[in-house]
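Dropping the structures in below, format is structure tokens.
You will see chain A twice below: alongside chain B first, and alongside chain C after that.
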Partner chain A sequence: MSAWRRLHVKVRRAHGLFTSRRVTEQYTWMYGPSTLGQNLSTGKPLRNDFFKELEAQLAAMRKKAADALPGSSWSPFDINPNLPPERADIVIIGGGVMGWSIAYWLKQKERVREGVKVIVVERDLTYSQASTVLSAGGIRQQFSLPENIHLSLASADFMRNINEHLGVLNEDPVDLQFNQSGYLFLASEEVAHIMEENYSTQRQVGAKVTLLSPTQLKEKFPWINTDGVALASYGLENEGWFDPWSLLNAFRRKAMSMGVIQCCGEVTDFKYTVSMMTSPGGDPVVYKRINSVKVQMPKGLEYQMVECAIVVNAAGAFSGKLAEMLGISSNPKDTIAGTPVPVEPRKRYIYVVHCPDGPGLDTPFLIDYSGMYFRREGLGGNYITGASPKEADEPDTSNLEVDHQFFEDSVWPRLAYRVPAFEKLKVTSAWAGFYDYNTFDQNGIIGDHPVINNMYFATGFSGHGLQQSPAAGRAVAELILDGNFKTLDMRGLGFRRIMAQEPILERNIL
Partner chain B sequence: MLKILIPTLLLIPTSWLAKAKWLWPTTLLHSFIMTLFSLAWLKNTSETNWSTLNPYIATDPLSSPLLTLTCWLLPLMILASQDHLAQDPLVRQRIYITLLVTLQLSLIMAFAATELTMFYVMFETTLIPTLILITRWGNQMERLNAGTYFLFYTLATSLPLLITLLALQNKTGTLSLLIIQLLGPIPISPSVNIIWWTTSLLAFLVKMPLYGVHLWLPKAHVEAPIAGSMSLAAVLLKLGGYGMMRMMLILSPLAKELCYPFIILALWGVLMTSSICLRQTDLKSLIAYSSVSHMVLVAAAILIQTPWGLTGALILMIAHGLTSSALFCLPNTNYERTHSRTMILTRGSQMILPLMATWWLITCLANLALPPLPNLMGELIIISALLGWSTWTIIFTGAGALITRTYSLYMYLMTQRGPVPNHMISMNPSTSREHLLLTLHLLPLLLLVFKPTTIWGSAY
Partner chain C sequence: MAASCKSLYRCCQQSVCHLVARKLSSSRSVSPPPLHRRILLFLTQRFYDLEMLLSWRGQLRRKGIMRKNAYYDFTQRLYGSDIAAAFYILSLKGGFRFVGQSDWFRADQRGKFNWDFLNHKDTPLEEVDMSYTVINYRGLDNLEGQQSLRTLALRGCPEVDDWFLARLHVFEDSLEELDISHCPRITTGGLAALRNLKGLRRLDLSSLPGISSPGLVVILLEEMLPQCQIIATGYDYSIKQHGGEEEVQR
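The block that comes next holds the complex of A and B.
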């Protein structure tokens, strides 16, 4: 029996040489058949990877040949090799997860190789202030707007099969550490009806959510104090949290392998042409068209004007400031041309606490009706927690300093009330990050601008951008390359609602 | 001849002395008047075929259509460049026009030369303004690479041509075309006759271009500014064809065996370059490869040295010159509006710019050799001549013609039909300058339907 099995394995391995294998299978071929998924060995691979070393060897040979030939490598044209090219088809401003997602989907949807030339401009490659990497990393489908639910559902599906989408040949597979532990929303008596309506919308769209009564809640999670809780909504599948840095890097690595150019620089100016036209009703309409983008090198005076056909604003918390460079504020506020892009940064704190007697490994991402939230982080009894501040006391957004008093005043009391085990905890660390807060209705803006003809937006997600980034990127790519949305209809999230002053607000319970 | 050369030369001081407001209208009008004068060359009443004869310059039915095409193209180039040069400083605009005029001068003298030495010198002289145009006014970093390819491909093969011409002068005592056509076979020692044959023709084959040495063409055409692309496509490629037609008179008995590999390369090139067109993402690149595929057909026709071959080659050269130049102007109108040449991003233009769609349609139909346009006449004559040379060529030319039609229609449908992208909604409407430019390209083409004998050369 075992001899037959051994023969089977040998045949399977030999066959592998002639068929194309997926990334994970190739991985196991080199490292041995018993290490599927996570590789736990820390030694070198068993066999040589011919192709990985081929690139390095060819580069070494070229360098050797160049050194052997006479002449110097001086060229009059390489002033600064970090400058972006002089022209590109699509310039994506902002190298966060949204920008790289759009870049990946653009390359995925072009029909021939090198169909479009895409550049992603990011001013800080350490991502020290980017919302993506400072996020808590949660994903949920428990929204009230069907568009939001669709986006999160599609993104969760994307992330479950991430290696099919973002796997690069001969590189390590992507591991998002997607903990599908679900979100748990707690509603008080006054807002329970909203939760029920949301629940029916979510079930209709296809999210796997269930409602729990307080007794069921206590049965499932005995560490919860159910005082004041009338109803709870628990996500059973496709909800949880993941590592945002891994997602960002996966998108970036895959997009760059498909030919997207990364540029480290800051966009400081636009060169645009203005055309004055009159609408059929006789009112003057001013259209702007961006001709080129001025990209300034970090810590320097050098800049490059990148001539482009389309600009995508994925600058996150700083999108509003970017759009201001196009002179929107010079027009009167109540005209179409004068409506500003209503995105501004809002600071939110996240505290890491250690509580050895805390809830346990099946803790969901709990969101209380008082505005407090927490989730498990890792396997060592650490939790991440925070709360949304009231409108009146929004923290100052000029820096990312953490206010620890906020934890003492607003977070810990609510935390300890809801989970009595958290009365004894220790704050180990904390950080702050920006939301790209849409002051209009706190939902994403996906689409083109009515007045600036060739600028597309994918910003203003106000805290749920990371979880919607794969699907939102696909939506923007469809808009650019196909002309309108193909898989998910995101017209409701376009700029039109801001022009018409019709907010589409999430009916939250908090 | 002087009545054309002197005004062309004096267009240079005109471009330097004209006032800023009148620079472009003046040069345009001046070059138009010269063009009208140059139409007189098309009438040939001489018995020996050579007219406007003087010791250095003459025209005959082979060179007069090419000369008229050259003169016709200068006002078109000036018209096409007006928009993108508008933001350049005045001095640079003047330099640009000077370069165009210098190119024009050298081209006229090249086509009209009676001495092969003068032809060679003018052949080389055309490289300089073109190189400056490509490397200075091109749009992307790759233009430096393009200029290098362009320069060195031509130079590497034309230096042997110089040696050949000097050797020819030694052997025969003359390099005048009028005398050479009357000489018998040149006494060359058999050990070097292959080298002799190859070096005489290689420069022109590279210029045509022949498939295999065509690599410079897509680069140069794509990176050049619009006037550079137009003159490259319309006239400079024809220099190669014209040179080949003249040189092959001298090389006659050798050509029967030695032309084989080049004809095979040319036929294979028709298939290959047309297929590459189907996979292009950049519009200008597609048109550049389309140029290659038409010109290799011309190369094959000249190499077989039959009367029908030479006639077809000349007709196709003129028709292709006008069509290709028009085809380069069209995506340039798109580029000036959207700053993008990729086909995926510039679609559905028919809804936004309907009259431009008409020009697109007529030009794409001309490119795919729709009857009764001279493109088809030239192609048909060439295909028949090749069929006479060998029956098997029909496979290549037939398949090549099929793929040509496919990619021409593909180009039309991709750019004009389809959903209009959101970023193209409010574009500036087509200017009358653009309409004039395209009319002036297509009108001669349509008129030539009625009298193709003007351009079918001296082989008949």
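The block that comes next holds the complex of A and C.
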């Protein structure tokens, strides 16, 4: 500003010099060479200047006034355009596939245009560390809990008709690059009976799964070593893998076209009111209600308090940490408010291996009873593989570095034992991703928190969040807008089971 | 004379298209959509009403296809699953042949068909030709009971996609010939599901636009289905020429 003013003065001075010389020539014959005449004469052209400037200034003023009229985005203060709005109805924390799915379903279910104002807060818009895009991207129905099978079936149905749901007018249709190859679970002698029970549950719910004996398995997949396999189950339909990034982007594109606001920032604090109540037993219960969410901008100290009615915690691996900000786990353990959200990040490695002699196009998503899995990646003889480590040697979750020794020690031996063709392979690349691991019972938490009465959870899916996101998002949207579940009854996956300490465990064969 | 007029007309039309294209200056490098499409695009970006109307049109279209592919529950209860399947095929303007018969039942161009098939109660179908119909995943419900189906032709069906192919496992014991040529929505991901059809003897994959590297896919499919004869014509396998062209462009 001051520099501009200096420039202005300089110009005026120069102007004055120029005019004064001309005027002195005119007036010297009247007044003689006097300093006074010089000063007076310089005033006149200056006044001319003023009127000339006035016109320009009036035009600028008119423009500014027009800008300040309602309906324009102008404001007298310098505002960071990336800041979220001050008020919203629903703030979704976590812009992964779950968060965007909830946002989409909320908008889909609203009765009038702009009926609910939804903000999705995401920390990293490049998604460089997001669980969504670093996952293996599989979908299966081979669970043991009916809730999980239902969620997965509904999600498969969503993906089948994805362009009806997520197609945006005048844009390219969504291509998930879905690979229709079933999951193949292999069970050993000890767990074969669990697999049989799971199979009957799955058939009952409506999943197309078949059981294979070792002989049938060998006939169907001749490249498998069936030693130690007592039973196998193979998904015929609605199973396979897809590109997680395409699904995330499709959700995001559709939700934003419907008016969801995306905001890059991190939620660092909540403002909440506390009220005391007594339970029927006479114990005091502290109720909390979130009034606003503090969204910190990624660079600098700028932040915005977003006033909101409902907060959805879809922060995946970090949702436990987010809930701690509300003081959930600082209370004594045995009270209701002291029940922590049992979700923590776990690190999993995925290795890309190249093996030209591998099983080729008929590779299923194979999951061995030892915890090893692999699937095909593309058509060029690449496979991706990994394994879940033992509970005792969980890797450190502070970074996303890959432990290549783990492949040598735990993955490759099992892989080569199951499929002898993989004895000759080359690891071409590897990455690590976070898993939103539910330490309580390894199943998703869908529903509201008992004592924070406007925070909803959609987290803790422990690795099957991506495949269940379309149906889980719909369930959360129903819970928020309709008050209860309409299409799929997900009450079993609510917070109540954690309070009552009744885990609903997936009866895995691993 | 007429031909020259036509060419002149086409020239004019093209130049108009180019003018409009320049004005709209879309960033995409692929061939621009026709003029009326672009006008609609222009209007939908400004008017919600038009966007709404267009989405309704799409919904109506989808609903129509869904209605045509609905489950023939009533027919099934009255006449049994075989007649229901036959009726479904004929009302979609397809054709079929019963087991142990040599003549086909077909619907003509206007959808008219001979009702004599009602006399063949409880005779399963052996060959089904659904070429150029709107059969989709839902419509397979009607054919699911046909356990002696040996030939299925789905040439040029716009609604046949990967999920449809994945569902063909219901015929895994019987199906011997499958024709899925010219289906625009089939991709490589769906072809992997054909592994469940272990009895397949003949597979026609000609001119599938959704397949990116047809040469490799055909080789992999032959590896996966060793006793199956795979027909794949209509692809440009000339890799060398393609690379040469790219170099010239650079």
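Going forward, the second predicted complex is superposed on the first by the 433 of 510 C-alpha atoms of A that agree within 3 Å, B and C clash if a C-alpha of one lies under 4 Å from a C-alpha of the other, contacts with A are read in each partner's own complex, and residues count from 1 in each chain.
In this section, a residue touches a chain if its C-beta (ideal position, glycine included) is under 8 Å from a C-beta of that chain, and two chains touch if they have at least 3 such contacts.
Just so it is clear, the structure is predicted and the values come from calculations on it, not from any experiment.
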Inset, instruction - Using the superposition on chain A described above, determine whether A:309 touches chain B (first), chain C (second), both, or neither. - result: first
Inset, instruction - Identify the partner contact of A:360: answer first if only chain B is touched, second if only chain C is, both if each is, neither if none is. - result: second
Inset, instruction - Have a look at where A:479 lands relative to chain B and chain C in the superposition and call it first, second, both or neither. - result: first
Legend entry - Touching partner for A:397 - first (chain B), second (chain C), both, neither: neither
Legend entry - Touch count on chain A, higher of chain B and chain C: B
Inset, instruction - Would you sort A:226 into first (chain B), second (chain C), both or neither based on which partner it touches? - result: neither
Legend entry - Footprint overlap on chain A, comparing chain B with chain C: 113
Legend entry - Of all residues in chain A, those that touch chain B in their complex: 77, 85-87, 89-90, 110-117, 275, 277, 287, 289, 291-292, 307-310, 448, 453-454, 456, 479-484
Legend entry - Touch list for chain B against partner chain A, complex: 139-141, 144, 279, 281, 338-340, 342-345, 347-348, 418-426, 428
Inset, instruction - Provide the residue numbers of chain A that touch chain C in the complex, in ascending order. - result: 113, 160, 164, 169-170, 175, 177-181, 208, 220, 236-238, 240, 360-362, 379-380
Legend entry - chain C - residues contacting chain A, complex: 41, 44-45, 48, 51, 54-55, 58, 62, 137, 162-163, 165-167, 169, 187-193, 195-196, 198, 213, 216-217, 220-221, 223-224
